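Before anything else, here is the set of structures, which you'll find just below.
Shared between the two complexes below is subunit A, which has subunit B as its partner in the first and subunit C in the second.
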Partner chain A sequence: MQSVIRIILQRLALGLLTLFVVSIVIFTAVNMLPGDFAEAILGQGATPEAVASIRRDLGLDQPPITRYFQWLGGALQGDLGNSFAQANFASFAGADTGVSTTVAQQIAPRFANTMFLAAVTACIAVPFSLILGILAALYRNSVFDRATNVTTLSSISSPEFFLAYVLILFLAVLNPVLPSLSNIFDGMSFGERLEKTLLPALTLTLVVTAHMMRMTRAAIINLLASPYIEMARLKGMSPMRVIVKHALPNALAPIINVIALNLAYLITGVVVVEVVFVYPGIGQLFVDSVKIRDIPVVQACCLIFAAAYILLNLLADILSILSNPRLRHPK
Partner chain B sequence: MTALVEIRDIYIDGRSDETWMPIIKGVDLTLNKGEVLGLIGESGAGKSTLGLAAMGFTRDGVRISGGTVTFDGIDLLAASAAKKRELLGKRIAYVAQSAAASFNPAHKLIDQHTEGPVQHGVMSRSESVQDGIELYRRLRLPNPEEIGFRYPHQVSGGQLQRAMTAMAMSCRPDLIIFDEPTTALDVTTQIEVLASIRDIVDQFDTAAIYITHDLAVVAQMADKIKVLLKGDEVEEADTRTMLSAPKEDYTKSLWAVRAFERPQKPAVHTSATPVVSVQNVSAAYGKIPVLHDVSFDIHEGRTVAVVGESGSGKSTTARCITGLLPPSQGVIQFDGQSLPAHYKNRSKDQLRQAQMIYQMADTALNPRQRIGDIIGRPVQFYMGLTGKQKRRRVEELLEEIELPAAQYIDRLPSELSGGQKQRIGIARALAAEPKFIICDEVTSALDQLVAEGILKLLARLQDDLKLSYMFITHDLATVKAIADEVVVMKEGKVVEQGTKHDMFVPPHHPYTDLLLSSVPEMDPDWLTNLLNERGVDNIGDAAVDKMS
Partner chain C sequence: MSTLTTLALLLVAIAAGGWMFRFAGQKATANAPTFRDMPFAVAFGYVFGASLLLFSVWYFFQPTVTDAGVPNAGVVFFRWAVQFFIISTIAAYVFRLVGRAVGTEGSKKIFRQMPLTASFGVLVIILYAITAIFAQWLAPFGQEEIFQRVNVLPGGNAATGGDPMHPLGTDQIGRDLLSRLIYGAQNTVGIAFVTTCLAFFLGGTLGFLAATLQGWLDQVLSRAVDVLMAIPSLIFALLLMTIASAWAGSERWLLTVYMILIIAVIDSTRVFRLARAVGLNIVVMDYIEAAKLRGEGLGYLIFKEILPNATAPLLAEFGLRFCFVFLTIASLSFLGVGIQPPLADWGTMVRDSAQFINFAAFSPLTAALPLLAAGAIALLTVGVNFVVDWMLQRSSGLKE
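Right, the complex of A and B next:
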């Protein structure tokens, strides 16, 4: 157990280091975007004085290194800064009303929505893919196996908006069982929220299932030639038991890693689905903020995405380690 | 009395590429209740396939194309999959070659032990746990109460093999198939497992098919022996008759292999500079020390056999000599000159002088390169030959290892047999024109007849080219065949060294004694006599533990 804790601490430290490096990359990349907030908001007719004034107000006239450390210092204390777009430009007009929206206030509800959608999708997609993968491994090379493969592959190969519209057509238009708009807001009951979220969640399920299901199938089949699987068969165990009890526990590590990658995708990459269903998630906010060069929001989103990837992969690493009895119970 | 197992005129095919090739060609087999049949032959003879067929089981890519298999009146080939599953594990059990690979790494031993009885409805889980502990005790496993609650990787190979025998016994089957159960074990461990298996099979009057390529082992275990060659039965007789009066030439040739022995060379002048001198070498993997103050010399034209069980530090010593693992203390001298510890600091000529031949010719040859390229690489790298000269040299080397160059030079390793691959390994080592070759268990993956050919080839090359060999092995028959001097290692230390003659004549170090006495002999009473002489607690790991 000692060694496991040490490995986990090592991974955690490595994760933090990665996050730090990513923060540099994010900052540099965002600063390389052509134009800045001042130019974007004032338009083409802006006078140089007005642009300079806004820049001074927002601190954009500082050298990049100073800005990076200001941002990083704030982020470390949980202060992601103020949104440019929501800032009150009273000071620009000569009076400071002191009202402005912090990035955290702006992102928090959106992020919660995104997490809700990701969680609903994960609850459907992960068990569904695992069961499909196990069944496909059990009945490998059968019609069922091939049909599953073809279906999941076609769904992953189709554009997300296409899948979304097909689902809307069948589940909202032809058979109106689910709402086609997912405009959720504060104060909705959990049931209502769930109902509104179901259609985007189903769309995303179709997108992520293929990857997880195929990895489950491949990881299990990969082990079927092992001597211990032959042993289980020679002990007269049923094919289902051989796969679930003998192959699956040894196939967990690669499966967990693919699940983690897909969950990270659900948190970071669902802009198209959000747009189609008008779902107020973080993806839309991110795209809007890039358009108007609202740099603090863009940076904060990037940082959240990076942290989600790193955390989920870290979690996958730790779970893979824990699924290995050699590491759990050293000699 | 009706037979327990009746196999009649069975034909089994294996698929290679798109065609079905025969593996077993019309073999009959009869086994009565409580009887032990030894099934022997070289690799590829179809022993395992036939053993599995007796369970009504075939591996993927294998099919039974004719004949019948009857178990206690049940036609196994006609039985449904569900019907067969009822028999497997419950009435017919299997013990695999590598227990380490055949136990599921994800579950504790006892959970795997109880799975059969519980799923087949023979016992409840708690009954089966108690029974498992009792079986572990009968098989003389240490800490029988506790050992089952460990994972496979926490238990040694010999113990795992006994735990697997216990698992096979868990439903008290009528028949157990033992598929080379001791081949992967050290001799001192093997003897313990053999004794345990024989005991328990006797106690429960279980019928068994014992598959092995080791004649001496089968002589201890079986009531009768069947010899297979390339899927055909050569002959079958009861054990004593078979050993004393084999009828067929092939059987006689198997029996004769163990006779190869090279005369020992005269002692070396004490003043002569050894080719390789290992001086007070200690080494560690990370913080774990593995070698302690190892010293020995290897002289020109001589073979030093380094003997010991797995984990004794034989291969680590070789890694120190080649510079793959720099020693933490001590030096390696070559022709009286100290070698840099790390191979990266050695000159090309120093590297050239010491070459290696590996145990697994399969993995030591690049599967995507042709033989000409595999041997040509060191010819070009060390000797600087290119083009036609290089090809001519490769051809010479192939002739040297007794493979016709024209026929083999453009083949891939997959198109060669195991023995031929090992010959290519030898040619590759020779290509550097070294003075010294390390042979790391070069014959242990080969059948006895093939191994003998390799040993003879190495002996002839030594005489022709004045080569010095360091011969790493755990097989004392090989030592007898080829060594001039012997170094016995145990737990990273040299416990005894001397000439081969001294080694095989008492008195010697108790560990050497144990090693020597643990090698099975062809006498069917050997194991019984040894157990009577030493007692069950003075063999195998127990005896090794007493020594340290």
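Right, the complex of A and C next:
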């Protein structure tokens, strides 16, 4: 047990270090932008005084290293700065309305929406792909196995927007079962919210199922040649029982690993799907901010995406160590 | 709610059908082992598959126009899909037959072992390559040529707002869509191919260098790659494209060049990992030791000793990487920051024509337009993946 905690702490420290370096990379990349937001927002006819005033107000006149640590320190306390685009520039004209949107306020509800989408998708995709994978392993090399293999391979290699539009065509336009636009707002009941989220969730399910299903199938089939499976078979167990009782527990490590990796993909790879369905998630906000070069929002979104990605990869790592005794006691 | 009830009733009916099928089989064959040992799930599967097949055949032969004169769009799309499936299966089968009959002994042998999916993949790749190379001669018009009539509907039927000169219609500023679709093969596939080659050159060289020299260079490169891989690739590409678009300013073509470089660098990290891992296994071989003792230089070691022995895994990776790069570029273009107009490109075409999908109930042809461009992307990646899947299965020798 002692060694397990040590391994987990080691991985955690490594993950934090990676996140720190990633934050430096993101900050440096954003600072390579020519010109700055003050010039961009005031246009070509800006007077030097106005530019300097906005720069001072947004803290753009500080040296990069100071700004980096200010940003990082703020981010650690949950303060991601003020959105440039939403900042109240009326104050420069002398009329202070006292309204200013911080990045954290802007991101928080959208982050919750994205997590909701990811959760709904995971609830559909994980059981679905596990069952498909077990069935494909049970009836391997049958027509069912071949058909599942070809279908999942096709769905994983198609671009997300192709799957999204095909689903819209059949489930929203030709048979109006589900809404094609996910306009989610506060105060919606859970049922309504679920209904609006279902179509993007189904699209994402199609994207991630193939990977998980193929991994489940491969992991189980790998084990079927083992002596203890042979033993169970000779005892007269039914094939389904052999797989569920004997093969599956030993195949869990790679399966958990691939599920965690696909969850990481769900949180980060939702950008395109959110744009197609106009789903008010963090991916949509990211793309919009990229287009208007709203630096604090772009930075914050990038950092959140990277953190989620690193954390879930870390989780996959730790879970696979925990589920494999050989990794738990390294020589 | 009624939909759910119908579905549940259907499931119960199929379950009952499965039980009856097994029971009837047992009675008819005097309890033959096939039916005696058949689990219920398998019987259910047979009946489910059979009813699905029956429904498809019935649905396929429904009239395409309802009594009210409105097109029955569901049937139209279903027919297209089934026809495409049948034609591509036949084409793949014929292609495999031709491959088995013509060519050298080696190529014949490859075709003899090929599953139908892989032969379909090879056929698709060859067709795309021909379209991309000969786009200038295949396309009826130039990709930037602008015509008087804008927003011509597809179909080429003058009575329904089409124009025989433009079988797929024209876009909002009057460019021929068929030509743009064909040129899209050249631009999208060509750019993805160049990017993948660049990523392989960069990642492969650095990976082999790290494997051969090891020491601090290996450490620095590996840690840098670790950090770059910790950022999700599409997010990182979007972030860098923001900066690139500011640098490029109004020079649109420059942005495309930046995009190639950015995606090549991001993807080269994955290639680096593989090249380094494969290289590390090769540098411990005796023949590398012998070459070092002969006094061969670094270039000779990498290109004459390591590279030939690492071709097989790198080739399969090339196919997969190409798919990823191709999809990334298509997604970036779809989001509006990828390949820039006036170059014709499939991702941009999907975005521009996406709203047509809402007209599916009235005019299936118009609604097919975004699906056609998106399908062109999907078809190539599916084809490449089929081939790569077969190659991996063959090289790993997995039979079960």
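By definition in this document, the second predicted complex is superposed on the first by the 299 of 331 C-alpha atoms of A that agree within 3 Å, B and C clash if a C-alpha of one lies under 4 Å from a C-alpha of the other, contacts with A are read in each partner's own complex, and residues count from 1 in each chain.
Assume contacts are C-beta pairs under 8 Å (C-beta built on N, C-alpha and C of every residue); 3 or more make two chains touch, one makes a residue touch a chain.
Here the structure is a predicted model, which means the values were calculated and not measured.
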On the A-aligned overlay, A:302 touches which partner chain: subunit B = first, subunit C = second, or both, or neither?
second
- Query: Thinking of the overlay built on chain A, is A:21 touched by subunit B (first), by subunit C (second), by both, or by neither?
  - Reply: second
Between subunit B (first) and subunit C (second), which, if any, makes contact with A:169: first, second, both or neither? second
Query - Which of subunit B and subunit C A:282 touches, first, second, both or neither - result: neither
Checklist entry - Given the touch rule stated above, what does A:242 touch, subunit B (first), subunit C (second), both, or neither? => result neither
Message = Applying the document's definition of touch, where does A:227 land relative to subunit B and subunit C: first, second, both, or neither?
response = first
Check: Touch check for A:250: first (subunit B), second (subunit C), both, or neither?
Finding: first
Partner touching more residues of subunit A, subunit B vs subunit C, is chain C
In subunit A, both subunit B and subunit C touch residues 225, 238
Seen from subunit A, its contact residues with subunit C in the complex are 18-19, 21-22, 25-26, 29-30, 32-35, 139-141, 143-144, 150, 153-154, 156-162, 165-166, 168-170, 173-175, 177, 180, 221, 224-225, 238, 240, 264-265, 268-269, 271-272, 275-276, 286-287, 290-291, 293, 298, 301-302, 305-306, 309-310, 313
Contacts from subunit C onto subunit A in the complex sit at residues 3, 39, 41-42, 45, 49, 73-74, 77, 117, 226-228, 230-232, 234-236, 238-243, 246-247, 323, 327, 330-331, 334-337, 347, 350, 354, 357-358, 360-361, 367, 370-371, 374-375, 377-378, 381-382, 384-386, 389, 400
So, in the complex, the side of subunit A touching subunit B is made of residues 225-228, 230-238, 241, 245-246, 249-250, 325-326, 329, 331
Note: in the complex, subunit B contacts subunit A through residues 55, 57, 59-60, 84-90, 93-94, 96, 98, 101-107, 115-116, 119-120, 150-151, 153-154, 167
